[in-house]
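Next up: the structures, one after another.
Below are two complexes that have chain A in common, paired first with chain B and then with chain C.
Up next, the complex of A and B:
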């Protein structure tokens, strides 16, 4: 059976070159970077080289990068690290209504610790209104966290506009760039952010490695207390192989970005126009233009998203519904609710996320199978039959 | 040049069988375990199989295991997760004076959050006195954390005696078993503990994977908030390859434990008696019998430990001084201070930690080079020369 993987926002295969780069660090160069003998010192040096590569990917300085175990850990470290370090300055945090669970639940954690959290609404495309952000900032606001691109609807926020407002009011700005890094240009200075989370998963490095950018000498309470690793900001022996993998993947991501974007925009355009032409009563979710190049998401009327995923799966097509992490936990996606999708329609969510390995020919295959699956599911739906007068 | 690696407490090479087990999960079975389609479900199943293997290693039930990114994260999750979940019950924590930095600094973090922490002294061998623990427990004590075996002096605590006291007084007991798992039998029921940390590094799995055992349905505030992974107790997409590696390493550790212990006890005995016979003015640190089988640690008079490490390194011998994580941060090891080592003598700390790959022949080589290095360093030491009347 043909296999078409279009769920790259959930997971990507680790790239061959990345695996090759990592392998010697499992059993040959295996020493602990904190040791004082030659093997340790060499490995410490290797880690610093990777830090520079990751920094380059986002226009940062090497000393502004902390390696973490995931994008989720980076988000936790950003929110908790800043909130705990700055709580004497104020106890108010602002996040958008469509943040990843790791940001959302970190913020909620502080609500129980006598912080106040403002959840900024978004418009029908998932965009945060800069005016609204400006009005939400108070004298005790210490941190704003708004994601760069949303993994479920693909919308890209006007981060530099939003961060400028915060900069002016001396409020720190964090962005979760897990979905954007490697897919669009990400530069911490252009975005003008103080903290930025990224993950290896998005760029063909393994699950289990991420990084947090923090501007210069920003104070940050560690999330994982321990020894002097990562300049005292994250305890635990460094995960050397994955750090090497993230370094390699960063170099490749820089080299390939513009070709990848061109390719993905073409695929996205084919899938969006194809769905609109062939399937009735379907809504593109997220912004029509300000969206990730490889991201196409829809709500299809009178369809259960999960049933659709299963049917496509039977034809070797891998796609998603709602956020990857939340897909089993929630019936209705909070992101789709936040952009004003009626609950019935939100049930019919389907998300295709592509990368360089996807091919033009695959799109036609997906469109055919999607059409047939929708027809089949609708033919079984009493709701649809009554609507169509059958 | 000959190479003799005797710093297994700092890092171990990942075992070949472990690497082989992990490899297919990088680019073949790469799906996200939280997805609903076949690939995700299969990987979810694989994770649960590994959970059972890790559980078996320590006599736990699979649902009592949380995968983390390191022993340090496990320790943080244990201390912070319990303290935050139980703070209404009380705000007093007890730890020993010789805990790993990840326990120590997690506890200190709570001191700044209006908790009180008691640091239990240890005797000259590094042992915690059960009587003393009993007296330290108060009505507001919520957690005691005492490590199973110390990585710097090798001493094994009488955990079941200590935990029995806590059980009687309804205080939770956590043990950091990073140094003991895979080296001596570790069974959560025999030890009678509520929480136990372990790490992949100790058993030939990669750096960057660990686990926390928590008894049954113990309440635990997540350290990394996020989605529903690890039953909602740790957010972030699961690090599938390393989880598979930890599972494989756990199976091997169970199979090989007793042969390994016998082998290591022999090596330990050879190195300890050899050092005592050949080098004057040397003190074995830690307990003579209640110590890890592959662990030999000394303080050598009129020697700088770091200089000794460098000299041995020139002969291909890898050993350590003080705790691996702290070796660059601190001049005098807090563990050696806690067991009453005079500061001068503590400077001369050297630690050999062995595993199955070490051979009897290597011991003679190390003893010869160690003797020569000590002679050389002492000949350069004014302190030694005046003492010897040269």
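Up next, the complex of A and C:
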């Protein structure tokens, strides 16, 4: 059966060159970087080289990068590390209503520890209003966290505009850039952020490796206490092969970015216009222009997303949904709720996220199968009957 | 996640559709909570001569609807009333725990359709 993978926001395949780069560090160069003999020193140097590669990917200095186990850990370290280090200065945190669970639940954790958290609403496209952010900042606000691009609706926030407000008021700004790094240009100085999270899983490195950028010597309380690894900000022997993998993936991401963007923008426009032409009663979720190049997300009326995913799966197509029925907790995606999607329409959510490996021919295949699946589900749906006015 | 039986009924829901001039109609659920089912029945000699349905919902909801219609067809009204959530799930070789209640509404929709028929007939 043909296989078309269109769920790159969930995971990307590890690149061949990345695997090749990693392999020697499992058995040949296995030494502990904290040791003082040549074997360990060499490995320590390899780690520093990777740090420089990751730094280059986002326009940072090498010493501003901490390796973590994931985007989720990076987000946890950013929120908790700053909140714990600055709690004497203030106990108020601001996040947007469409943050990843690792930001959302880290903030909620502090709510239970007598911090106050403001959840900034977003507009129908998922954008945070800078004016609103400005009004929400108080004298005891210590941190604002707003994601760069949203993985579910693809919307890209005006980060530099939002961070400028925080800079002016001496409030730290963190952005979760897991979905944007490798897909659009990300530069910590242009974005003017103090902290930024990224993850290997979205750029062709393995799951289980991420990084956090923190500006200069920003004080950060570690989550994992241990030795002096990562300049004392994260204990535990470094995950050398995975760090090498992230380094290699970062180099490739820099080299390929503009070709990738051009290719993905073409695919995105094909799928969005194709869906609009062939399927009636469909809403594009997220912003029409300010969105990730490889991201197309919709809500399709009168059908349910989990059923649609399974039906596409039977044709080898892999996609995602924010439908309540697809979540273990049976709750609609908070992102779809935050952009004001009515609950019944949110049920029909479908998300396609593409990568360089996707081809133009695949889009036509997906459009044909999507049309047929929607037709079939609508033929079963009592809501569609009423829509046709029969 | 789903059993082969569930996928089979989801992929080929052959009893889906509506019955024009149905003897009874039962609707349960609503689109806001995620699943909605409408059952249509035709009754002859106190037996379910035909059962059809329309379902808005997930894989489980569609599979449940189809197997309930299959289980009910040809049965007497009394027999059909004894179809429960539990034996529907069993007939599908099990349902995921979180789908057991919210999507397993077929038996209820069928019972509503029978009730509707009886109400029309006996007032």
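In this section, the second predicted complex is superposed on the first by the 381 of 390 C-alpha atoms of A that agree within 3 Å, B and C clash if a C-alpha of one lies under 4 Å from a C-alpha of the other, contacts with A are read in each partner's own complex, and residues count from 1 in each chain.
One rule holds in what follows: a residue touches a chain if its C-beta (ideal position, glycine included) is under 8 Å from a C-beta of that chain, and two chains touch if they have at least 3 such contacts.
Small disclaimer: the values here were computed from a predicted structure and weren't measured.
K.L.:
Can A:357 be said to touch chain B (first), chain C (second), both, or neither?
P.N.:
neither
K.L.:
In this superposition, which partner touches a larger number of chain A residues, chain B or chain C?
P.N.:
Higher number of touched chain A residues: B.
K.L.:
Scan A:231 for contacts with chain B and chain C and give back first, second, both or neither.
P.N.:
neither
K.L.:
Identify the partner contact of A:7: answer first if only chain B is touched, second if only chain C is, both if each is, neither if none is.
P.N.:
first
K.L.:
Contact-wise, after the overlay, does A:273 reach chain B, chain C, both or neither (first, second, both, neither)?
P.N.:
In the superposition, A:273 contacts neither chain B nor chain C.
K.L.:
Which holds for A:306: it touches chain B only (first), chain C only (second), both, or neither?
P.N.:
Both partners, chain B and chain C.
K.L.:
Go through the superposed model and pick first if A:189 touches only chain B, second if only chain C, both, or neither.
P.N.:
The answer is neither, since A:189 touches no partner chain.
K.L.:
Tell me the contact category for A:206 with respect to chain B and chain C: first, second, both or neither.
P.N.:
first
K.L.:
Using the superposition on chain A described above, determine whether A:343 touches chain B (first), chain C (second), both, or neither.
P.N.:
second
K.L.:
Can you pull the chain A residues that chain B and chain C both touch?
P.N.:
306, 310, 323-326, 328-329
K.L.:
State the interface residues of chain B toward chain A in the complex, per the touch definition above.
P.N.:
Against chain A, the touching part of chain B is residues 7, 10-16, 19, 23, 26-28, 30-32, 34-40, 69-73, 75-76, 100-102, 105-106, 108-109, 201, 206-209, 221-229, 235-242, 306, 309-310, 313, 318, 320-321, 323-329.
K.L.:
Which positions of chain C touch chain A when the two form their complex?
P.N.:
It comes out as residues 2, 7, 10-11, 13, 16, 18, 27, 31-38, 54-59, 61-62, 98, 102-103.
K.L.:
For chain A, which residues are in contact with chain C within the complex?
P.N.:
302-304, 306-307, 310, 314, 323-326, 328-330, 343-344, 347, 379-385
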